[in-house]
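Below is one structure, written out as structure tokens; the observations come after it.
Labels run A, B and C following the written order; every chain starts at residue 1.
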Amino acid sequence: MPPEADMTYESRDERLAAGRASYEAVMTYPGPGPTKPYYDGGVVGFVFAEMWPRPGLSRRDRRWVTLTCVATMGAHIPTQTHFHAALNSGDCTLEELDEFTLFFGTQCGWPRAQLVDQYVEQAANEIGLQRHGFERWAEPCDPDVRHARGRAAYEAIMCAPPPVNDTVFRRVGYLDYLYGEVWTRPVLTRRERRIIALCGAAIVQQEAEAHAYAALKSGDLTFEELQEIVLHFAVYCGWQSGALLDDIIVAAAERVAR
Amino acid sequence: MPPEADMTYESRDERLAAGRASYEAVMTYPGPGPTKPYYDGGVVGFVFAEMWPRPGLSRRDRRWVTLTCVATMGAHIPTQTHFHAALNSGDCTLEELDEFTLFFGTQCGWPRAQLVDQYVEQAANEIGLQRHGFERWAEPCDPDVRHARGRAAYEAIMCAPPPVNDTVFRRVGYLDYLYGEVWTRPVLTRRERRIIALCGAAIVQQEAEAHAYAALKSGDLTFEELQEIVLHFAVYCGWQSGALLDDIIVAAAERVAR
Amino acid sequence: MPPEADMTYESRDERLAAGRASYEAVMTYPGPGPTKPYYDGGVVGFVFAEMWPRPGLSRRDRRWVTLTCVATMGAHIPTQTHFHAALNSGDCTLEELDEFTLFFGTQCGWPRAQLVDQYVEQAANEIGLQRHGFERWAEPCDPDVRHARGRAAYEAIMCAPPPVNDTVFRRVGYLDYLYGEVWTRPVLTRRERRIIALCGAAIVQQEAEAHAYAALKSGDLTFEELQEIVLHFAVYCGWQSGALLDDIIVAAAERVAR
């Protein structure tokens, strides 16, 4: 059965009013007045009137999609405003955004994480939040113990055997550090890290099917939730990238069903 | 028959002088003096001396390629200067750039469109232009009517039957909104939207062949125009991305010929 | 035989101290104190403690990977700090960074090169460096001579026959300009240009296998060096992109072995 259009409005004015209310709830400041196609026909009329209020995914989950996407787009003001809004709305804590910054750095590159760090810092200062210690990384430093931990984590997270371990990247970067130290950290759940990793993977078009498959196979995300992630992702990364991710989640669901 | 090098110069000095004149005509301010390889060997010596003055594509068409590419690169100053130049040269009106902003947002993501919106606004202020109303979006809001309009628009634009409608993204994002509301808007022609969509698709390497095919099949763009778009695109997004798009337009032309 | 973890530390404190020392040596200013997961668990604890000090690739080679990656990420502060550090450390000269800017522009697009140019200029001013002339481009301008030079250069650089020359891009952009004028310029070696081109190609996922193959086939880079480039690249562009490049260098090595 084909999906329905969940958000429908009787008139253009009702749609714009709903979009402005949604904008203010999400962004924590009033939305723009009627000015131009980009706002009325796009930001307010679709992004906030029709996409953000959809059922099927919590507003907190939608934050992870949004934050991952804006931070990869090189768009400074949306990065600034969305990290501020995530914190200011109470949807995410400073500790969680700090942990997001590290995880996002591994998924989308350290230079982009620097921008995130800068705006998380700024938002925390503006809102007046303090840090109270944090988890550094898991002991021990022993490379073999860490490597074994990475292999076990990979298997549990990706629902697949670890990759053949015959390059520096697969050993040092992938299994030892990314899976052996980062995925196993506290503060963000495995399910939340999946949402971030899936979006990051879809942006660079690499490993997205494996993440979608594991999300479904593990039961961390349903196919209905993945569909909402795709629509949300498409808004923040563009329809073409959304079309790709849409095909990927359908393929992953078929693989799980087999 | 292999293509010719259309722009040829007798000497290095003639080439640089032509590049500087072309730079000033396009950017609406004087080009840089001789200083370093990036300018002399690149920006002036190739981009403006050999690429922009080429025949086969109007300067206005070249604007759409340029604006789409600079706005996806996360490059603030080129985004600022090119949107200003598009407006200041008279090649594009404020109404058209407003419409571009919305359409570009759907193609390349809302966060990047925010940057575009910011610099269009700034350029309009600097040049002293006012807005005189704008088209919001097509009535009715009825979801089934909109959906039917989206399916019809998809078929006409993409010269292909609409995709299977079995996910939220395909229904709500793709057919209802992108094709049912955005592609059918006024101000920019279907041909101009194709140029923008093709460049956006090529940047994320998704659906570019379908857009190139439909552009040729509909008669909106010729293979010669597509070739000029590829060279222009390569300059603004890099030669590697250009090589990919070049292969794609050749494949699309072969599919149309069959 | 699987690769080892080359950098190992006895304790968390030793690891952080080594990371801070490495940070200061590379960036030419002191690293951040213990504050949050992004720095302790990421930037200091992994990027500078475990990645930068690895054997197998010189610090100067690591600069080319870093500079290419940060400049494509739309990340202004990392671009600013890394170009300053490359110059301030003495690892790269101003003449070399000028040449990098032009070459990078062809690989990753002119708008991104503008950002590079801006920060190279700023770093040179801050450090107090002057330019002393530069190479513009190779004479003659005659298009047929240039085209022949491009074909010969392509064959020598890519260890493969030039592509079929039947589009404007392949003729004017690819063979005449990129190979006929840019790859053959002085100041940066072919080996250095390969590192930059490989990273640029991996970012847009186009032609990376061809560059990795040619790097190995020509003897310019060893498989061990390519593995270090992948790990370094993964840090600056994200693990997902690293995973792709890792698969690509393995495939290229297998093709060379055949």
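Convention: a residue touches a chain if its C-beta (ideal position, glycine included) is under 8 Å from a C-beta of that chain, and two chains touch if they have at least 3 such contacts.
Nothing here was measured: the structure is a model prediction, and the numbers come from that model.
Look at the contact of chain A with chain C and you find different residues on each copy: under half of the numbers used there are shared. Superposition angle, chain A onto chain B, using Cα atoms only: 120 degrees, a multiple of 5 between 0 and 180. Separation between the centroids of chain A and chain C, computed from CA atoms only, is 28 Å.
Residue positions of chain A touching 2 or more other chains, listed in rising order: 73-74, 76, 205.
Here chain C touches chain B in the complex through residues 73-74, 76, 98-99, 101-102, 105-115, 117-118, 131, 134-137, 139, 141-143, 146-147, 165-174, 176-178, 181-182, 185, 200-201, 204-207, going by the rule given at the top. Within the complex formed with chain A, the chain C residues making contact are 2-6, 8-12, 15, 34-38, 40-43, 45-47, 50-51, 54, 56, 69-70, 73-79, 205, 227-228, 230-231, 234-246, 249-250.
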